[in-house]
Amino acid sequence: MRTGKTYWRSLDELARTPEFEQWLHREFPENASEWTGKASRRNLLKLMAASFGLAGLVACRRPVERILPAAKGVEEYVPGNPMYYATAFSLGAAAYGLHVEAHDGRPTKIEGNPQHPASRGAAGSFAQASILGLYDPDRAKWVRKDGRRSSWEEFEKFAAGRFAGQGAGLRFLSGEIGSPSLEAVKKHALQRFPQARWVEFEPVSQDEPMAGAQLAFGQPVRAHYHFEKADVILALDCDFLGLDAPTLSYTREFARRRKIGTPQDRMNRLYVAEANYSLTGAAADHRLRLRASEVAALLAELAAELKVFGETLRVLPAASGARRKWLAAVARDLAAHKGRCLVLAGPRQPAVVHAWVHLINQLLGNAGATVTYTAATWTPQTQALKELASEMAAGQVSTLVILGGNPVYNAPADLDFASHIKKVECVIRHGLEEDETAALAHWTLPEAHYLETWGDARAWDGTCSIQQPLVAPIYEGRSAAEVVALLSGYPHRRAYDIVRNFWSALSEPQWRKALHDGVTPTPPSAELKVTADARRIQGLPLPPPATGVEINFQPDAGVWDGRFANNGWLQEAPDPMTKLTWDNAALLSPATARSLGVNTGDMISIQREGRELKIPAMILPGHADNSITLPLGYGRTRCGRVGRGVGHNVYPLRTSGAMSIAAGGKVSKAPGRYKFSLTQDHHSMEGRPIVREATLEEYRKHPHFAHEPHQELFSLYPEHSYDKGNQWGMVVDLNACIGCNACLLACQAENNIPIVGKKEVARGREMHWIRLDRYFSGPEEDPEVVYQPMACQQCENAPCENVCPVAATAHSPEGLNEMAYNRCIGTRYCANNCPYKVRRFNFLEWHKDIDQLQRMQFNPDVTVRMRGVMEKCNYCVQRIQEAKIKAKAEGRRPIRDGEILTACQQTCPAEAIVFGNINDPNSKVSQLRKQDRNYAVLAELNVKPRTTYLAKVRNPNPELV
Amino acid sequence: MSQATNQTVAGVLGDFATPEALLAAVGELRSRGYQKLDALTPFPIHGMDEALGAKPSRLGYLVALGGAAGAGAALLLQWWTGAVDYPLVIGGKPFFAFEFSIPITFELTVLLASFTAVLGMLALNGLPRFYHPVMNAERFRGATNDRFLLVVDAADPLFDPERTAALLHSLGCEHTEVYKDE
Amino acid sequence: MADLAIRPQDIDAELNPPLVTGGLTYASITEKISAITESKTPRAWYIAIGVTGALTAVLGLMIAYLVFTGIGVWGNNSPVGWAWDITNFVFWIGIGHAGTLISAILFLFRQRWRTSINRAAEAMTLFAVACAGIFPLIHVGRPWRAYWLFPIPNTDLNMWQNFRSPLLWDVFAVSTYATVSALFWYVGLIPDLATLRDRARNKIRQWIFGILSLGWRGSAHHWKHYEMAYLILAGLSTPLVLSVHTIVSFDFAVSVIPGWHTTIFPPYFVAGAIFSGFAMVITLMVIARQTLHLEDLITMKHLENMCKVILATGSIVGYAYAVEFFTAFFSGNPYERFTFINRAVGPYAWAVWTMFTCNVFAPQLFWFKKIRTSIPAMFAISIVVNIGMWFERFVIIVTSLHRDYLPASWGYFRPTAIDVLTFAGSIGLFLTLFLLFARFLPIIAVSEVKSVLHAQESGH
Amino acid sequence: MNAIFPKSADRVFRFAVAGLVVTAGAAAGLYAYFSHPKVLDTGYTPVQPVAYSHKLHAGNLGMDCRYCHFTVEKSAFAAIPPTEVCMNCHVRVKPQSPQLQRVRDSYARGEPIPWVKVHRLPDYVYFNHQAHVSAGVSCVSCHGRVDQMIEVKQVEPLSMAWCLDCHRNPAPKLRPVELVTKLDWQPDRDPADIGREIMRTKQIHPPLTCSGCHR
């Protein structure tokens, strides 16, 4: 049986590889200096080195700059004990604060930083999975010149000559910069090269919202929503719980307004109008199926209903029919909650829509209450990139420095970036991957992973965090700031110096505190008072509904814009709505599918502006008719082993004129079928009381609606009593759960859960310990969606235990259904006899092909299961044991409520999962179990599950039910 | 046949064509006081035991003991391993209960009973016994085919090779043969 | 046996027409049966065993591949954790039951017509159980740890088995069954081995059969204990054979899965086992009868009786199916109901209807004497029944698993080539063993047939 | 002679059977003995890269175990000391000793000395030093009288059954926590009594379920 500790063994093997020799010789000389006796960083490293033999060497790869352990970490390093460091992860310009757990110098697990406003202790799926990127064996490792391996020294020599002049024909292209220190370096570079220009581009950008603000307020501003204050929310094509940043803090605030303890409690109400079925739509109390291009019209109608421009002015078309009824109700509801409601539009909506939204919020008295604004500087990214492209086409660009991003793959198709880049005399590419762009560059420079290098990051609300590394670059990676500093002769060259110098205002104690807390003392951006100009907005022409079939481009829940394509965890994490893994698909409504005569899995051809795309179709109930959603980020051609050729690339259809919503698409059935790998192929609950749901009305009438009447249950045998000591239990609030994959990925990272690949998922062999069961209910065209996280229920009368012939799964006195992998012989009888089907079997040796480096991510506290054994959720028993041992050692008897957090609970942005001791009447979990909404799935089987659920309650508008 | 001198007469064998003739002959010899008789037949002849005055087999009692031992062993095994040596809470069931012990108890009962039946049978028959004087007889092989043999052991007080053979002839035996021990 | 051979009250209609025909005598019976093992091996036999041997080799390869690669080479998945592996196991165990039934139960019921077929049927039992035994062992994820299924005292782990698990009950039931069947079979063989010993002309045969027959002399004392032992074994085997398939059915009946958790499983499984077992006996005996010219010993009477048994048990099975559906409907349990609706019309309906056709409808043809006395017809139907009974197990296992309580966990099972080849290989093993038996051992119980002949002649 | 087997056959047969039984019995007995962890696993004494004598340091010089293995109380893992720890003394003590050449090299180059692991548990077993030491289980219970070993050798089987013995009846193995590294400690009264007191005061009940050691 191999285990988390295997990495020691593999390290011995690793020790024989050249890279390792290199580390050896690079690290030790500089460390081999003084031994001060007390725990200085250096001797810590050597302690580890010595303690673990070669294993420690990885630890020794920690940079020698001083780093301080974070809150939970012990100040002095103890070999074998995990340490926690605060750092930050950024996606585009949105940064999230993290705590990273490191074992013996190997980062193994990511948690949210509770003190960071954008994370609040949660970490989304991207942040959770980003740790795998650190150990990605296919990362850009070396400096390359024309594809041949080179070195930083060579590049520095080259750069010294190349970057001498005023920067004529020099262009920088980077992703959106959220790092203050990098901005400083950028500023310096532009001073150093006055004729140079710098373009920032994100495939998923804030262009439209910013332009909208420009229209409304005459200046770009960033809007911040305060869901905790909002009683009524209208989200227009805005997935603020899913992909439209900054989702974590929004989710938390929103979820807090959905949790009700008693029928008397008040709940917020969410209206959603959208084309694709998003997580936000799933959480809605009322969802209006609507083509994205019709949102503008809807908004206008709403304005009419709200009499935004007074009785007299009747320039606006009024809605008709059902939509009118819906709108009227929504309008009344909003009007009735002036200052306590909220209207939002998604970043995919055109500027004018955002302008209208700003205006409406203002008139509803929400501005300053539920929505506040902060100043922002903005240059339209797509426009900028377009100009750059034309310069390149005209041969005016002699040197192009591409920092991050992957424009060759994801620049708008009409810019024809891939061919224009060939006209550039010298392309220098700095990035994490050797991707499509790197392939066309003359110099490729490896970028350091954010866990490898120093940096800083600004969150949505302006809060800044220091991004501190946990290991020195595993390969030759350097940060973008370092590269620009090198090119522009910035006074500081090493990432640490650049960052520390930028924050030189911080005194050493402040700096230490900033590192320790994960947030700098600099306050968030100041609130900005702005007023929308009603007259101007009224004059704005409304974009007409899209002709032909409308096409929506959306970031993907798995690979975002393609940057996570080589991340196996994200590839295998099922899409929250479609449950599709290792793929993207053209999502369309049943009606549209019928009209096209296609079924799920049929290939379709989409033509637009002379470009064609062939992609398999997937029917998504509840999708708007005559509209197709295309998730971005797949079909990568030059990418690591994991992501290469997975799915279909939809960028070729995406033009600078239609970055989000494209009109005039021609869609037809194309020959051929395509095989999807879904983790769930049945979508109806078959009328079974699995997820129990009621409206607030019903709940108030029948507070016990969640309790199924079934006859007295008893066992033939005298039952064991579980009334002593800790009795672990879990409660999942279905009202709060929004179905994002954060828990699933957190569990995967914590418990060394393998990736099985597309073929095996299709066979039904995925290994995730948590399933996010997604059920549709209601009409196929316009169903409602409920989510139910389903992991081992830890039954007291566990059917799985009875049938195991070798007693490999038994019950602990604390009520855990334990799985002893090393006793298991793999009859699979337990899985067959599990009514929840939450046991997972290692059908093959999933870890066979795992790179030695990737094994460094393994959690050493959890056995790595070999083929032929069964596994399943065990409430993170390793965390329970750790806490118990700690409690004992400290002579502290009882374990505090909330002292043990399961991985899923800890990362859940909605705080939907609560774990604790059900034997302690005051514990949070016991309190929740007392609620009316609390019920056990399949309770009638008398298996006595320890995990129970709080029934879902929706809060529909009485006018609309 | 004619071998070393140390050969002793072991008995005389009479070869009959039918079971009925054999039965009759056995009855006659018994009435004349012969004790050490045996009949070798290709299949069991009903009434032969009575004719030979053999007591019914006591194998049944042995088997009963074997079965009891099996049951006891099974219960002991399940109780000791489950409730004494390493009690584990499994599926909320007791460490030991008769309900779930029945199947294995039954199986082991049958197993040990069957072993006793077979081994007991062999033991009572003194098998395996690869050599027996009667196997020296020419006609012995008929006994597993289609002949019905009556054997008078030399140890019988009334035994006399000639007279016994003659007597057998008089009882309708087609052929008699004196067989020797090594 | 003798005591039943000549007691008038035991004589029933079964004796007419005679069970031994063609004016056979004791000697000619001995000659006829022994000759099979003594004569020169026919070419056909070599061809046959060549084919079956090759199949057996395939089984070996498949097992090796499985052990070195993992259960993943089969189609099993989550939720369908068991599929062909356990289907084959139950199938073979079922086949085995006819042998024990013929040798034990019919013996207790004084059915003298059993004598011509019980030897071969018992042999079939052994070989079927051998095939069955393979699957539980290789279906586990870590076969090299399969010995943990047996309560071997272990000084290092101090771990024991879980005696609550039906799978462990299986281990005991199947191993007991295999052992007892082997004993029973061997005890029955002893007198005939002695016959072969005494017919043997060359030293090797003399030694081999001399040792195997343990020095049997056919003495009255031997017969006395022998008959008692045989009677007792029959008495033990009868409840044993019932218990074995009862316990096999517990694997399912004791679980919580709709479609498995069913109280009628034990009788239903036993009936099914006898059903499939007799079908297999017919399949084999018809072949043996034709190729080895045993028409006088395996008479039409024998075959017809077996057809009747198949008709009866087939009807019981059909009744069980009906009851299952009715209970599901009547119980009002939504999960139970769904499972059976899903069987009838779900993705596996094709398998379910194959099962119905083969097991319920096909045997009904035996109502017609014409059909149950026609060799080709009974042969064809026996094959059909074998297929049907394999599908019964497949249906019970797979259709119940692939859609149980939570629709989100539902799945579908597709077999792989390895699945198919493994099963084919097990058939190869079964036939190979049977061919070896038919070649080297008396396939008909010589001494028993003689006693039947004696009964016949002594004027009944 | 007509019989197939000579008269002696049965005697031969009986001897053969008897012989078989005896050999089988003997084989079983031998296997049981040699496969027993006490025999199979104990006594492992690998040669270490440096001839370090625990007898000298821990025994004669009376150094406390925790001077080198300083993490036993704080961590699941008992640290093998870094070279610095050796050099703390050996810069002064025997600075020239050829036996210490390897140590000095390691210190100079910063390359760890590849000590050989003596007490190895399977990877799926999670033994926690902190938990045991803080409960008052002495080093000697598992590692034996290391202070008398010139070369460290495994003296206990470290098998699951062996662990369970103590987990089922910990009292005799418990002692006041300050005495855990006092390998030669002899209690003045029945150690079980002391153990029971400690169990009461510290509420010690070792886990007997799987997840106690397997995660």
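When the chains are written out, they are named A, B, C and D in that same order, and each has its own residue count from 1.
Basically, contacts are C-beta pairs under 8 Å (C-beta built on N, C-alpha and C of every residue); 3 or more make two chains touch, one makes a residue touch a chain.
It should be emphasised that the depicted structure is a prediction, and the values quoted were computed from it without experimental measurement.
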Chain pair with more C-beta contacts, C-D versus B-C: B-C
Gap in Å, rounded to a whole number, between the CA centres of chain C and chain B: 30
Computed distance of Cα centres, chain D from chain C, in Å: 53
Centre-of-Cα separation between chain D and chain A, whole angstrom: 47
Inter-chain centre distance, chain A versus chain B - centres from mean C-alpha coordinates, in Å: 82
Contacts with two or more other chains, residues of chain D listed in rising order: 4-5, 164, 209
Residue numbers of chain B (touch at least two other chains): 86, 88, 90-91, 93, 128-132, 135, 140
Chain A: positions in contact with at least two other chains: 799, 801-802, 804, 807, 810-813, 823
Overall pattern in which the protein chains touch one another (line/ring/star/complete/other): complete
Chain D to chain A touching residues, read off their complex: 71, 73-77, 79-84, 87-88, 107-115, 122-124, 126, 128, 130-131, 134-135, 202-203, 207, 209-212, 214-215
Chain B-facing residues of chain D, complex: 1-10, 13, 164, 209
For the chain C and chain D complex, residues of the former touching the latter: 154-159, 197, 206-207, 210, 215
In the complex, chain A residues that touch chain D: 1-6, 24, 28-29, 31-32, 35, 37, 43, 46-47, 49-51, 53-54, 56, 74, 78-81, 810-813, 816, 818-823, 861-863, 874, 877-878, 880-881, 885, 888-889, 891, 893
For the chain C and chain B complex, residues of the former touching the latter: 1-3, 5-7, 25-27, 30, 151, 158-164, 166, 168-169, 172-173, 176, 179-180, 183-184, 186-187, 191, 194-195, 197-199, 210-211, 214-229, 232-233, 236-237, 239-240, 243, 247, 250, 446-448, 450-451, 454, 458
